[in-house]
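Take a look at the structures below.
Okay, so subunit A shows up in both of these, paired with subunit B first and subunit C after.
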Partner chain A sequence: MEKNRNRVIIASIVIGIVLVVNILPFLWLVLTSLKTRLDIFAIPPKFIFDPTLKNYVSAFTKRDFLPMFYNSLIIAVSSTLLSLVVGTLGAYSLARFKIFGDKHISFWILSTRMFPPIVLVIPFFIMATQMGLHDSRFLMVIVYTTFNLPFVVWIMRSFFEDLPFDLEKAAMVDGYSRWDAFWKVALPLSAPGLFTTAILCFIFSWNEFLFANVLTAANAKTVPVGIRGLVTSRAIEWGEIAAVGTLQVLPVLIFTFAAQRYIIRGLTLGAVKG
Partner chain B sequence: MADLLIRNLWKKYGKVTALKGVNLEVNDGELITILGPSGAGKTSLLQTIAGVEKITVGDIFIGGKPVKDLSPSERDVAMVFETYALYPNKTVFENMAFPLKSPFRQLRREEIEKRVKEIAQMLQIDWLLDRNVSQLSGGQRQRVALGRMLVRHPQLFLMDEPIAHLDAKLRHNLRAEIKNIQRTFKTTTLYTTHDYREALGMGDRVVVLNEGKVLQVGTPEEIYDFPKNDFVGDLVGDPSMNFFPGEIITDEGQLHLKTPVFQIMLDEKMLKSLKSESLKKVKVGLRPSDIFLAREKSDGLFQAEVYVMEPLGVVQIVSLQAGGEKFQVKCSSSESFQMGEKVYFGFSSDRLYLFDYETGLNVKYL
Partner chain C sequence: MQNDFNVFRRLNFWVSSSENKFKWLLLLPTIIVLALITVYPVIYALNLALSDYNLARASETLQGYIGLDNFRAILRNPQFWNSLKVTGIFTVVAVGVEFFLGLAIALILQGIVTNRVVRSLVLLPMIMAPIVVGLAWTYLYQSEFGLVTYILRSLHLMSYQTAPLASVSSALPALIAVDIWEWTPFLIMVLLAGLEALPTAPYEAAKIDKASPFLVFRKITIPLLRPVILIVLVLRIMDAIRVFDIVYALTEGGPASATDVLSMFIYRNAFYLWDIGKASAISFILLYIIMIVSVILVNLLSRVKEAS
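Moving on, here comes the complex of A and B:
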């Protein structure tokens, strides 16, 4: 008993520390977004104050954040969908068909994630300007897809490899085509994996700053770039930064909570057994 | 329903050759069991017939029609996989209805429901129809897999070790049930197994397969009584056949068969079967159930020492040792022996199997 109680106490302390480390910054962000400029800089920090929505209002009236949210959404959703469609098909092929050098192909796909992304910024910038794609949503979708694809291929490949091939063979014997066996049997069974990768792809595209900062100017500007713009030569608009930041986190948070069940199944790979 | 013809079938996976020139003719309505150890190529054979694996070389005809270039769905065969391959995200009903909903059939809803219920009742799984397959026991899953095969009226049934992973008692019941089902449907069936009891007990004919080659095709009696080579003899029977190295020698003008354990004179019948006169070295096979034991010495009996005993209820397995060889005897439990006891054993000489020492072929087939 004594031993058990000690364990519970230690576990609670550890979990408490992790929670403080993880949640406190977020709480700080939300609180800051609701404070006036005066309250933000108050020392000691205020936890009880008169909340105001002033920061939110000015972010959308004084600053132009609505089109940026729109850009971010279009780019993140399109890139996620594109990566999933192309990546899942690629992953399935690598998992199921023996082709010459398939191991090398898989490794090469992964190797595109091995160098720091900043290495690619200049080449992308030059290519984009020469093709006249600079500052377009289309460009950002393509750029994010190149980063998401290897990720999708690797996660989905291991998912498909864990699915017994007999299931698809059974479907084919049952009168379905090769495509139907994939579409009606293999794909529904890997739904947890699809959810997980979709969320991770979305988060990456939604939060990405470096490439968006270099490759967009006005038309395709995304929210992270816009937030950076709030650090001006005259002042740092902490209140608005916090307000936009809160809104930026919100969709991901809601989506993750809603799909939590699938994500947990997705993260424990190979949960689907016949 | 159709007959099946396989001509010189080869299957290669990269460097591994699973099937090496299989020839087989199956009559309409026949139940063929394919017996072989794991890795013999049984699954490859069924899957190439079903079309889910490509043929490397050779031809397959179902109902006289070449199917080499047909997709699995066009071949119209139904298969039970060793892993059952039930769709884990579907209910029992959905699993069984899946083949009927395929673009190849697309039956009306009422027709699908009728057929699934009919088969489910027959297999006594109608009370499980709304369950998810992940909630089922092994035996129930096996029934669902059978049901998914039976709802169609295909040209062929292919069953890949369908009951290998069930416990012994259940296996025995299902053996009879599957045989009965096949008789009712009269559908040509190929059934693979590594258990000789299943193979002999169920099949109209048995195909013995090893390392991708057909070793023997025959009725269960033929397989048991006239094994084509020592491998088939060894595969069929429990405990398996005893083998002794043997020599044909001439003693006082008579031909004798000499082994480290016994020496007998070759009678006319055996001489006849020894077509090749030059044969000097042979492998002698003797089934444990063909040996009898005695405590008293008498003519035609040979001495041995009891090494170990395994009582199994009505019968017992007695391991004997003589002349540096160990061998087993299956006899009634009425008499019990002590370890180390001297006993005498005998056998009827027509129960001896002689195999060529080099090739392992039964001399009767030489």
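Moving on, here comes the complex of A and C:
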């Protein structure tokens, strides 16, 4: 009993330290976003100050972050939907049927997920320039599908494999077609998986920087590129970086909380069922 | 001829069975889309890697197809070997520390911390956009008013003449520290999930035998946890080898190439120097390294799976 209580105390201390270390840099970002220029450059750094919303206001008035948030949203949602529609079908097929060479197909799909983005961004840059697609939202949707689609296939396959096949069999005995057994039985039952997958695809796209930095300039510019754009050779706008950074993280934080139950499973491509 | 006959039968089966048509109908869109948006660009990039393709030079001076010349030039470039070394150190140290820290913390928290809010907050660093992580830490490391710099100086761990990202000797450790901050929570959560899914029977048997905690850990926990450990190491190593965003935000490879990881080196060659051909060639070397590492790790993984 004594030993157990000690363990709880130690664990509480450790989780306390972990949380402080985890949250402090983010908290500092939020605090910085509420500081005046004078407070931002204060030495020693200030924890207590008169908060101001000036940085938030200037990010949306002096700079055009509103269209960037719109771009980020449109691109992330479109790529997520495209990947879900195509990938869920592929995932179901790989989960339910023996396919000639299915191991190789699965491995190939996984390997595209492991691709370093720097390898793809160069050919995409040249091809997009030649086709006149540079700096378009359409291009970004396609590019983000390169990592979202393999992700959807892998994770949804793991969710479908968890469903007992008997339910679909029973439905087919009752006269459902093969498609109906998928559409009306398997798909609704894997709704939590679908939901988590959608959220993770959205987060990956919403946070992506390298592709967007190379492949967009003005029209399709996304929030991460805009934030980095506040670092110039003349000055670094820390207050605005912090303000937009805070707003950028906020939806991700809410989504993570909503999908928390399956997020570890998603991030390990279905391998670890946390 | 036995083989030919099998192929024929399989083909026949494929044509006749509606089930088979159904499964291919579902899978084909994925295959076609992936082929168009990943396989085709890679072939295109290979073409670029074998060409003299430089957007900074006049097109008349370019030589077109030059075979393996780009690769030869890279292997002679000391900058490339520096990048390889930096990427290697970054990957081994960052993933190594993250793993041991993550395992230790997961073992301490096992079975105790189950609160949803706490678990979501632990995930915070890894769900933030890496570019925002990088910029937030650039601010923390800032040479005059950065909070981390200030703390380090207050503790006399760093002099006033230098800052974490300013000196060649401290820039890479500072970068690795950011990666450790960003990804240790992932290791904690995955290993915690793995630990909580372990069967209880071996532990009860060990209790009856009065085995020491260390022996239980070494003989039961580690072998049972090995598949999870390998998966999480595969994912982390792949991510660490291709790290870009936090490097771009924190140092852009500097000072004096001290943090010039491969992705950054490629990016600079492609989009600062506009040497597309050479940059593509280096990116193929990176791809090759990732493929070798992944094949080794996946083989290790399947052997472990068979053994258990």
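In the analysis below, the second predicted complex is superposed on the first by the 255 of 274 C-alpha atoms of A that agree within 3 Å, B and C clash if a C-alpha of one lies under 4 Å from a C-alpha of the other, contacts with A are read in each partner's own complex, and residues count from 1 in each chain.
FYI, a residue touches a chain if its C-beta (ideal position, glycine included) is under 8 Å from a C-beta of that chain, and two chains touch if they have at least 3 such contacts.
Bear in mind that the values here come from a model prediction, so they are computed numbers and not experimental data.
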Subject >> Room on subunit A for both subunit B and subunit C (clash or fit) >> reply: fit
**OP:** Decide which partner touches more residues of subunit A, taking subunit B and subunit C as the two options.
**Re:** C
Subject >> subunit B versus subunit C as contact partner of A:R7, first or second or both or neither >> reply: second
Original post:
After superposition on the shared chain, which partner residues are touched by A:I43: those of subunit B (first), subunit C (second), both, or neither?
Top reply: second
**OP:** State whether A:L27 touches subunit B only (first), subunit C only (second), both chains, or neither.
**Re:** neither
Original post:
When the two structures are overlaid on chain A, which partner does A:R96 contact: first (subunit B), second (subunit C), both, or neither?
Top reply: second
Original post:
To the nearest 10 degrees, what angle do the lines from the C-alpha centre of subunit A to those of subunit B and subunit C enclose?
Top reply: 90
Original post:
With the two structures laid over each other on chain A, which partner does A:A217 touch: subunit B (first), subunit C (second), both, or neither?
Top reply: neither
Original post:
Is A:M127 in contact with subunit B, with subunit C, with both, or with neither (first, second, both, neither)?
Top reply: second
**OP:** Please indicate which partner A:I109 is in contact with in the superposed arrangement: first for subunit B, second for subunit C, both, or neither.
**Re:** second
Original post:
So after superposition, what is the minimum Cα distance from subunit B to subunit C, given in Å?
Top reply: 8
Subject >> Footprint overlap on subunit A, where subunit B in one structure and subunit C in the other make contact >> reply: 178, 272-274
Subject >> Contact footprint of subunit B on subunit A as seen in their complex >> reply: 98, 164, 166-167, 169-178, 180, 185, 188-189, 272-274
**OP:** Mind listing the subunit A positions that touch subunit C in their complex?
**Re:** 7-8, 10-12, 14-15, 18-19, 21-23, 25-26, 28-29, 32, 40-45, 86-87, 89-90, 92-94, 96-97, 99-100, 105, 108-109, 111-112, 114-127, 142-143, 145-146, 149-150, 153, 178-179, 203, 206-207, 209-210, 213-214, 224, 227-228, 231, 238, 241-242, 245, 248-249, 252-253, 256-257, 260, 263-265, 267-269, 271-274
**OP:** Can you check the complex and tell me which residues of subunit B touch subunit A?
**Re:** 14, 47, 50-52, 71-73, 77-79, 81-89, 98-99, 102-105, 148
**OP:** Going by the contact rule at the top, pick out the subunit C residues touching subunit A in the complex.
**Re:** 10, 14, 18-20, 22-24, 26-27, 29-31, 33-34, 37-38, 41-42, 44-45, 48, 105, 108-109, 112-113, 116-133, 135-140, 144-147, 150, 181, 185-186, 188-190, 192-194, 196-197, 227-228, 231-232, 235, 238, 241-242, 244-245, 248-249, 262-263, 266-267, 270-271, 276, 279-280, 283-284, 286-287, 290-291, 294
